[in-house]
Structures are given as C-alpha cells and as structure tokens.
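The following pair of complexes shares a single chain, subunit A, combined with subunit B in the former and subunit C in the latter.
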Partner chain A sequence: MVEFRMPSLGADMEAGTLVEWLVKPGDWVKRGDVVAVVETQKGAIEIETFQAGQIEKILVDLKSKVPVGTPLAHIRTELEEKPSVAPAPPTLAPPVAPVVAPPARAPVAAPTLPPVARGAVARAAASPAARRLAEEHGVDLSTITGSGPAGAITYADVERRLGEAPAAAPPERKRALWLDLAAMRMAIAAAMARSKREIPHYYLEHQVDVTHCEHWLAKKNATLPPDNRLLIGALALKAVASAARRFPAFNGFYRDNKFEPAQAVHVGVAIAIRGGGLAAPALHDADQLSLDELMSRLRDLVQRTRAGRIRSSEISDPTITVSSLGDRGVEALYGIIYPPQVAIVGFGKVVARPWIVDGAIGPRSVATITLSGDHRATDGHAGALFLAEIGKLLQEPEKL
Partner chain B sequence: MNSAEIRKVVQEELNNIAPEADLANVNPAADLREAIDIDSMDFLNFIIAIHHRLGIDIPEIDYPKLVTLDGAIAYIDAKLGSSRTQS
Partner chain C sequence: MQQAAVRPRTIEMTYREAVREALRDAIKRDDRVFLMGEDVGRYGGCYAVSHGLLAEFGPERIRDTPLSESGFTGAGIGAAMAGMRPIVELMTVNFSLLALDQILNTAATVRHMSGNQFGVPLVIRMATGAGRQLAAQHSHSLEGWYAHIPGIKVLAPGTLEDARGMLWTALQDPDPVLIFENVMLYNMTGQLAADAGPVNIDKAAVRRSGRDISLITYGGSLWKTLEAATALAAEGIEAEVIDLRSLRPLDDASIIASVAKTRRAVVVDEGWRSGSLAAEVGMRIVEQAFWSLDAPVGRVCSEEVPIPYPRHLENAAIPQTPKIVAAAKAALGRA
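Up next, the complex of A and B:
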C-alpha cells in the first residue's frame, strides 16, 4: 500500500484544497492517470498518480485544505495485488515488500512518462475538462462526436452541445469557473518577482529566415484536414526541444546554488488566458515527439490550460520555456525566466523583410528569436550557439 | 442554410473560443484576430469547428478570406452554395 499525497506544485505552495476526486475506492489506476483535482494559487490542477494500483481508501474529504505532503488516499499497488490470485484475506501481510511512497514532490527528472490513454473502462475518449463540464451539465458524452485528437471529445465539443440549448449561457458562465485570474496573477507576480530578484538574466536575439518553414508547412497542410494541420509554433517548439537536447546546459533547474541538467526535455509553453492570465505548462518529452504528435498534444494542452485544467506534472516539471506572442503580436520579446529553470526562448511574429540570399536581395519571411539565459548557469557564448542551433534546425523543417 | 443562419453558426463557434466577445457589436469588416483577440491556435480551432459542423473544406490558402465576420459568412455561403449546385 502506498500513500498518494498532496504534491508540491512549486516552491511557494504550502497547501492545496481538494476540490474533486476522479476515482473512488476500488477503482484501478495507471501511472499518469488523473485521480484528483486540487485548487492552488495557480488554479485548479489535475493531480496524477505515479503509482499504479487499486484505490483502497480516500483519506481527505472534498473542500479540505491540507498541507503539502498530506496523504490523500491509499493505493494498493499491483505488486501487492498480483501474487494473490485467489482473494487473500485482508489481514495477510503483503507477500512483496511494499513499494515506498513517492516523495511528495512530483519527480522532476522521472524517466519519461509513457503517454497513458485515459479511461481504461469503456467510455468515450474525452479530455478531463470536457468530462467535468459534461458532468456538471448532465450531458451524456457518448452522444457527442469528438473533434479532438483521435476523435477525443474536447471541452469545446461539450460547450458546443451546451450552446445548442436555445438560451445561450451568459458569458460569465461559459468561462471556466475554476480559473481564478486574480490568484493566477498573484502566482505570476510571485514567480516573476523571484526571477528578477534572483536570476541574473542575459539576453540575446537572432533573426532567422523561416521562409522554408512557411513553404513546407503550406505544402504539407494543403493535403491535410484542418484537425491535422500544423502551426508554425509547433515547428518552433520542436526546434527548441531538439536544440535543448543538444545543449543540456539550458535544460534543467538551478537549485541550491547549482545547476542540475534535466534528463528529459519538457518544454513549458507560455499560454495566454483570456481576461489576462498566463500559464506555462509542460509539453512532455517534446524532443521525442513527431511534429504531428507534438501539434496534437499542443492543441490539447492549450485547450485544457485555457479551460483551467492543467495536470500536476505539467505544472511542476517544465525544463525550459518557450514564449511566442503570435502572428499579430510584436517582432521580439524578452522573456523572464521561470524559476528554477535557466532559459526561456521567445519567438516574435514572422515578418516579410528584404533579405540577402546567395548574394541577391529578395523578400523573405523572418522571425526574431530571443534567448533569456541565467548567467549563473551559462554565458552568452553558449547562449549564442544554442540560439544559432535553433535557427539552423528551422532551415530544415522536414527533418524536425 | 441562409446567410443569417450561417452568421449564427459563425458567431456561436467564435463565442466558444471567445466567450466574452459581443459579436453583435463587432465591426463585421474588422480583422477578428484583433477585434476579439484570437491567436493562430484559436483561429485553427474555429476552422476545425466550422469544418466539422458544416462539412465544408477550408484549405489553409483560403484562411485570409475568413478573418472578418463578413468574409467568413460570405466564404461559407459560397462554399455551401457550390456544394448545393453540385448535388
């Protein structure tokens, strides 16, 4: 039996309020399954289990605010369960030494979490946010056709169904109720103030010709249905992830006066939230994903984040962050590093510029890419090589 | 489907993305990306939603035609019209 505990989702988190259980005693869970939703300063976070097994007992009631590390539930692990083919008397000591409870902090450098398909029981594939919205409004998910990756039902699909009701809900009701923008603003303020206080930033910028990316994308997307089309942002994320793999000094955490490189590349994606919010949850193992896979995960991540449903591992383990102000924003942005990370890469909008290619001037699409680096971990020289690598990778989008 | 019905569908889908936007008062000729603050991911989701709801193909090369409310309605109307004449 192991204890499933209230995780720490950041150095500033002391307690969390349990707002939803997604499992009940007797349910089986897999590693990576979302088992509960916890309200924190960063908003409602979906808490995943790092232990597979059967939920034995729920220890904390809904709406309880408990300190980080408090046991929330008991999970009987598979190791204990498997040997007892015949139902063993409950008093029998487990035949195998029980697995040690995981540390309260979600393991940051945990070996890559395999993508776990949610919902082992027969039920429609749906994002947790969609499921919750459907439950709140009594909508039967099996009656909805999903438009998400692999036909999964998305939050928007459920909203659409709700929108089909004659009287449209007032705007306030449509916004995810669990997104507390004021609390989010405080969390941003705390993290950014700490960053500016503690991290000696240096800034570099690099202009990159992304004409090839645009041509390649246009050609690829022309043959694809909208659901499978790629955005240039997906290429940018993949390029940063691949470059971070080759330049490990920019991928990891600065803690206890030293830099610890991370084993995995979990790219934090800065996502703007309507009404004035910002979150940068992780796109896990971005360097290992194909562009198609990365794009579909990105769409899911953006949708869930904007619906106020981020998972615990996504909030706690980005190893580097990418920020992009989009196609109608500004030409360059200089990011503030999200501690304890040591780098943030910024993408400005793509603009048409006169450019010299092979000795002749011609119109090209150009993006300004910036790096904010932590001078305690790296110097501008290494930063320049890292930034140049991102630019080079974007010259060959077909290889990303 | 007449153009008033198309307008309703377009507005509903945009409201799914931007719940607080008052589309009845948005300048129908304004660039939606600025008028209601939607990004490229939002716009892609809008295209996907229209594609699934109305069954029309919207190639990426046509995106610029859909960036205003009036443009989107006219584009969809034309697409639905051409499929009506074909069938």
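Up next, the complex of A and C:
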C-alpha cells in the first residue's frame, strides 16, 4: 500500500483544498490517471497519481484544506492486490507458496469491482447522439444530469440545456467553478515579486524576418482541414524548444545557489485567462513533438487552461517559458522569469516592415523576439547565441 | 363518406387463403409454374395452404413428393434451370436443413459456378416459428441463417398483402427466393383488397409511425410488436414499427432513416439471440447510425433453448409483447 499525498505544485504552495475526488474506494488507477482536483492559488489543478493500483481508502474529505505532503488516500498496489481479487494463474503462483493478504486490511476493503472495471475512469455516460449535439454546441456534458438508461445523458437532456442557457454561458459558468481569479492574482503577485527580488534579469532583443514562416504556413494550411491548421505560435514554440535543447543552460531551474539543467524540454506556455488571470502550464517534451502534434497539444492545453482544468504535472514541470502577445498585442514584450526557471522568451506581434533582402528594400513580415535571462545562470553572450538560434530556426520552418 | 366511395372493395380472408390465392394466381398466369412438396396434393398441405388446388389444377401442377427434402429441392433446382418456374414447399424450416446442401451449395451458387450461364429461378416456401406446440424439431426460426447466404433472397411476409403479393414478384426473380411463412399467421384473419396483387420484395415497411423508438421486426413477431406499440402509446411512448419484409437483402435505408429519427432501436426476432438476424440489424445500425443513437440498441429474441413442448414454456421461450414493451422502455430509461 502506498500513500497518495497532497503534491507540491510550485515552491510557493503550502497547502491545497480538496474540491473533487474523481475516484472512489475500489476504483483502479494507473500511473498518470487524474484522481482528484485540488484548489490552489493557481486555480483548480487536476492531480495525477504516479502509482498504479486500487484505491483503498479516501483519507481527506471534500473542502478540507491540508498542507503539502498530507496523505490524501491509500492506494493498494497491483502486486499486493492480485491474490485477493482473483487467484493468479497456477504457473505464476504455485500453491505451495501462497501470498498472504494482510489480515487487518480485510474488514476495511471496499467491495471489489469485477476485473473488467479495472482502469475504467468514472465519467458520465452519454449517448452518441447527445455527444454529437453537445460537441456541436460546445456544451460540457459533465454539467448535465442524464435521464436515459442507467442515468446516461441523452439527446433530449442536451437539448434541454441548450434551451435554458445562452450559448456562451456554459464555459463561463464552468470557469467560475474552477478558477478563483483573486487567488490566482495573489499567486502571480507572489511569484513575480519573488522573481524581481531574487533574479537579476538581463534583456536581449532580436528582430526576425518571418516572411518565410508565413508563406510556408499558408501553403501547408491550404492542405489541412481548419481544425488542424498550424498557427505561427506553434512554430515559435517549437523553435524555442529546439534551441533550448541545444542551449541547455537556458532550460532548467536555479535552486540552492546553483543551476540544474533539466533533462527534458517542457515549454511553459503563457495563457491569458479572460477576467485577468494568467497561467503558464507545460507543453511536455515540446522539442520532441512534430508540428502537427505540438499544435494539437497546444489547442488542448489552451482550452483546458481556460476551462480551469490544468494537470498537476503541467503546473510543476515547465523548464522554460514562452510568452506571446499574438496579433492584438504590441511589437515587443520583456517577460519576468517564473522562478525557479532561468529564462523566458517573448514574441511580439508580426508587423510589415521595409526590409533589406539581397541588397534591395522590400516589404517583409518581422517579429521582435526577446529573451529575459537569469544572470546568475547565464550571461548576455550565451543569451545572444540562444536568441539568434531561435531566429535562425525560424528561417527554415520546414525543418522544425 | 366520399372516402368510402373510392376505397377499393375488400374481402375478409385468412393469411392461409391469401397464400393460396397467390399460388392459384401464379399457376394460372404462368404455365411454367408448378407446386411441389410433401402432402401438398391429396392432403392439401400440412397447413392446408394448398387445399383444393390438386382438384383445381391436377397432378401436373400440384405434385406430391416423397419424404426427401434434398431430392425434391434438387428436382426443383433442375426444373428451374431447365426453364420452369417451380414453387417448392418445405414443410418446416427445421426440415429444410435436409435440403440445405441443395439450397446453399447448388441453388445459391450455380450462377456463380457456371460463369453466369445458368440461373435458378426457384421459389421455396416454408413454414417457420413456434407457438403451435410442435416441439423442438418443428418450431424453430432459422430464416436468419438463410439470410446469411449470398445468391438467394429471403422474404418474410407478415401481412395478408405480402402473403398474397410476394410470391408472384419472387417468381419473376432470376435467382432463388425463399419465403418464410410464420405458422402463427396462417389462421390470422383480415381484410384484403379484392384487387390485391404483386408487391415489391426489397423494401421494409413502416407499419406504425412514431418518434420515440424504432421497433424493428418481421414475420410472426410483427403483430406482437404492433401490440407492444399500442401498449407503449398508452404510456406516452410513440413507437415506430418497421416490418423488414425482406431479410436478405436488408433494406438498410429504411432502417437507418427510422433510427435517425427516433434515435433508439429494439430489434425483435424469433431466432436465437447469438448470431441472429437481430444481431446483424443491430450492427448495421451501429455502423451507419452510431452518432444518432441515444441508447444501446436492444434485442428481443428467443431464449437459447430448443423450443419446448409445454405451452407455458413455449410461450416463455419466444418474444412476447410484455418483453418487447420492457425492452422499449429500457431503451428510453423508463424501465
């Protein structure tokens, strides 16, 4: 048996409030399954388990605020569980060597689910017709109570919801459920103040001709359905991730007076939340993803973050951050490093500029890329090479 | 009153009589047509379908055969290949298994094996189904098995119109057509238009219109299903009843159009559940209408036992109206 504990989702987190259990005693979980939702200053975070097994006991009630490290549940690991669920095949467990189940546990054990339920995630059943209608109208099925067979959500249930709420309302309501913007503002304040207090920032700026990126994207997107089209932001993220792989001094954490490079490149993506929030969850292993894959993960990440459903690993894992103001922004931004990271790359909006190409002046699309670096970890010289590398990578989008 | 004036004259008759009228009509209209089978002549047919036909048409057209299903089905195939339009009657679907080799290995394959040089324009009629206490060797519903075989058509007339009209259309088909007559329908009485004639044999029919659930059935179960629809209506559930009519080929378009409208389906089939025609219909719904479904597709089939002899057990073994009502309500979450 192992204890599933309240995780630390950042150096500034001391406690979390348990707002939802997504499992119940007897459920089977595997590594990476979301088992609970915890409210922190960063918003509601979906907490994953790193241990596979069967949930034996829930130790913390809903709405309880507990310190980091507090056991939340007991998970019986698969090795312990096997003999008591079903007899192992004879070849694996010779009858002369029976595995003894701890006797004290028997009275507490929750009713065992049939093996077929192993690994099944509890979620609302919804009919195919209901799912399609909900998808067409952006209705969140988890907010609907079903009236169909075994409580399944039916077409009529979704129709009823569509009848009672204007189209824009459900996501709004959902965000209100999970995101406490005031708490998030306090968390941002704490992290940014700490950054400016502790991190000696240096700032570099580089103007990059992205005309080729735009042409390449236009050509590629012409062959893709609208849902799969790439945005220039995906190219920017991939370029930063690839450059960070080549310049490991910008990818990692500064802790205890020394820099620790990270093995993987998890790019934190700054995502603005309507109403004044900001989060920078990780796009895991961004340097390893194809552009298409990266784009689809990015879409998912943005959508979930705005709905207030970020996973714990996404909050604690970023090794470097990218911030982009997009089309409606300004030409340059100078980011504040999110501790304990050591770098943040900023992308300004793409603007048309007279540019000299091959000795002649012509109109080109230009973006200003900035780097805020932690001077304790790196110097401006290395920073310049790193930033220039990002610019170079963007000249050949087809190789990203 | 005006409507009554234009409504065609109807005659009250039984399903049995409607089949007999179809036989008489065919024999009269086409001198290549003859009826052949066990006891069809002097005995008048074991379900009395051909009663009186021997006297009317003589032994050339109404031929008694020995108890040899394989033999006379083979004779029918030969006659059809040689230019006749035989109607072979097999007493029950259980006995038809003795002729299965002729039906599957010969009738269904000759066109293919001969490189399209020969066809088998043969019609085979047989009785199917339980409910008459004829026990486990005379009561099964194996039409679903035949619907598995490419090269033949399989029909299940459930109404007087179809009993009267399907035979002639089947005789016009260049390939073998099997017609399954449910034993419980022979005594059913109804009104048939005096000028009733041939009907199509490739379309399902909506026997009752509804918006809440599609009840898909055929043959003997049709009337139990219509009864179930009436019972459901009393509880505010509007069931649509689809009569498949043709079991091979299946009229997918009609099935899917209905399910797309109602979003729910229960298939009622007197065959055994495993590997049944109901399974095929259900799977086609899942393949073609998955995103329209609002509930799992339900089935009411026979219990997986040899059909019992005692009446109460026989009734319990096959689909009945209360089971259909229960399955429909379960699909609506109102169990």
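Rule of thumb we're sticking to: the second predicted complex is superposed on the first by the 302 of 400 C-alpha atoms of A that agree within 3 Å, B and C clash if a C-alpha of one lies under 4 Å from a C-alpha of the other, contacts with A are read in each partner's own complex, and residues count from 1 in each chain.
In this text, a residue touches a chain if its C-beta (ideal position, glycine included) is under 8 Å from a C-beta of that chain, and two chains touch if they have at least 3 such contacts.
Remember, predicted model here, so these are calculated numbers, not experimental data.
Trainee: Specify the partner with more touching residues on subunit A, choosing between subunit B and subunit C.
Mentor: B
Trainee: Considering only touches as defined above, state whether A:L294 meets subunit B (first), subunit C (second), both or neither.
Mentor: Once the two structures are laid over each other on A, A:L294 reaches no partner at all.
Trainee: Under the stated touch criterion, which partner chain does A:D327 make contact with: subunit B (first), subunit C (second), both, or neither?
Mentor: first
Trainee: Quick one: classify A:R132 as touching subunit B (first), subunit C (second), both or neither.
Mentor: In the superposed model, A:R132 contacts subunit C only, not subunit B.
Trainee: According to the stated criteria, A:S147 is in contact with first (subunit B), second (subunit C), both, or neither; which is it?
Mentor: Both partners.
Trainee: Name the contact category of A:D227: first (subunit B only), second (subunit C only), both, or neither.
Mentor: first
Trainee: Looking at A:E159, would you say it contacts subunit B, subunit C, both, or neither? Reply first, second, both or neither.
Mentor: It touches subunit B, and subunit C stays clear.
Trainee: One more residue to check, A:V265. First (subunit B), second (subunit C), both or neither?
Mentor: After superposition on chain A, A:V265 lies in contact with neither partner.
Trainee: If you stack the two complexes on chain A, which partner ends up touching A:V342: first (subunit B), second (subunit C), both, or neither?
Mentor: A:V342 contacts neither subunit B nor subunit C.
Trainee: In the superposed view, which residues of subunit A touch subunit B and also subunit C?
Mentor: 147, 156
Trainee: What residues of subunit A sit close enough to touch subunit C in their complex?
Mentor: Interface residues on the subunit A side: 127-132, 146-152, 154-156.
Trainee: Mind pulling up the subunit A residues that touch subunit B in the complex?
Mentor: 145, 147, 156, 159-160, 163, 168, 171, 174-175, 218, 221-222, 225-227, 229, 231-233, 272, 274-275, 298-299, 302-303, 326-328
Trainee: Given the complex with subunit A, which residues does subunit B contribute to the contact?
Mentor: Those in contact with subunit A are residues 12-13, 15-20, 31, 33-34, 37, 39-41, 44-45, 47-49, 51-53, 57-61.
Trainee: List the residues on subunit C that touch subunit A in their complex, please.
Mentor: Checking each residue of subunit C against subunit A gives 263, 290-296, 330-333, 335.
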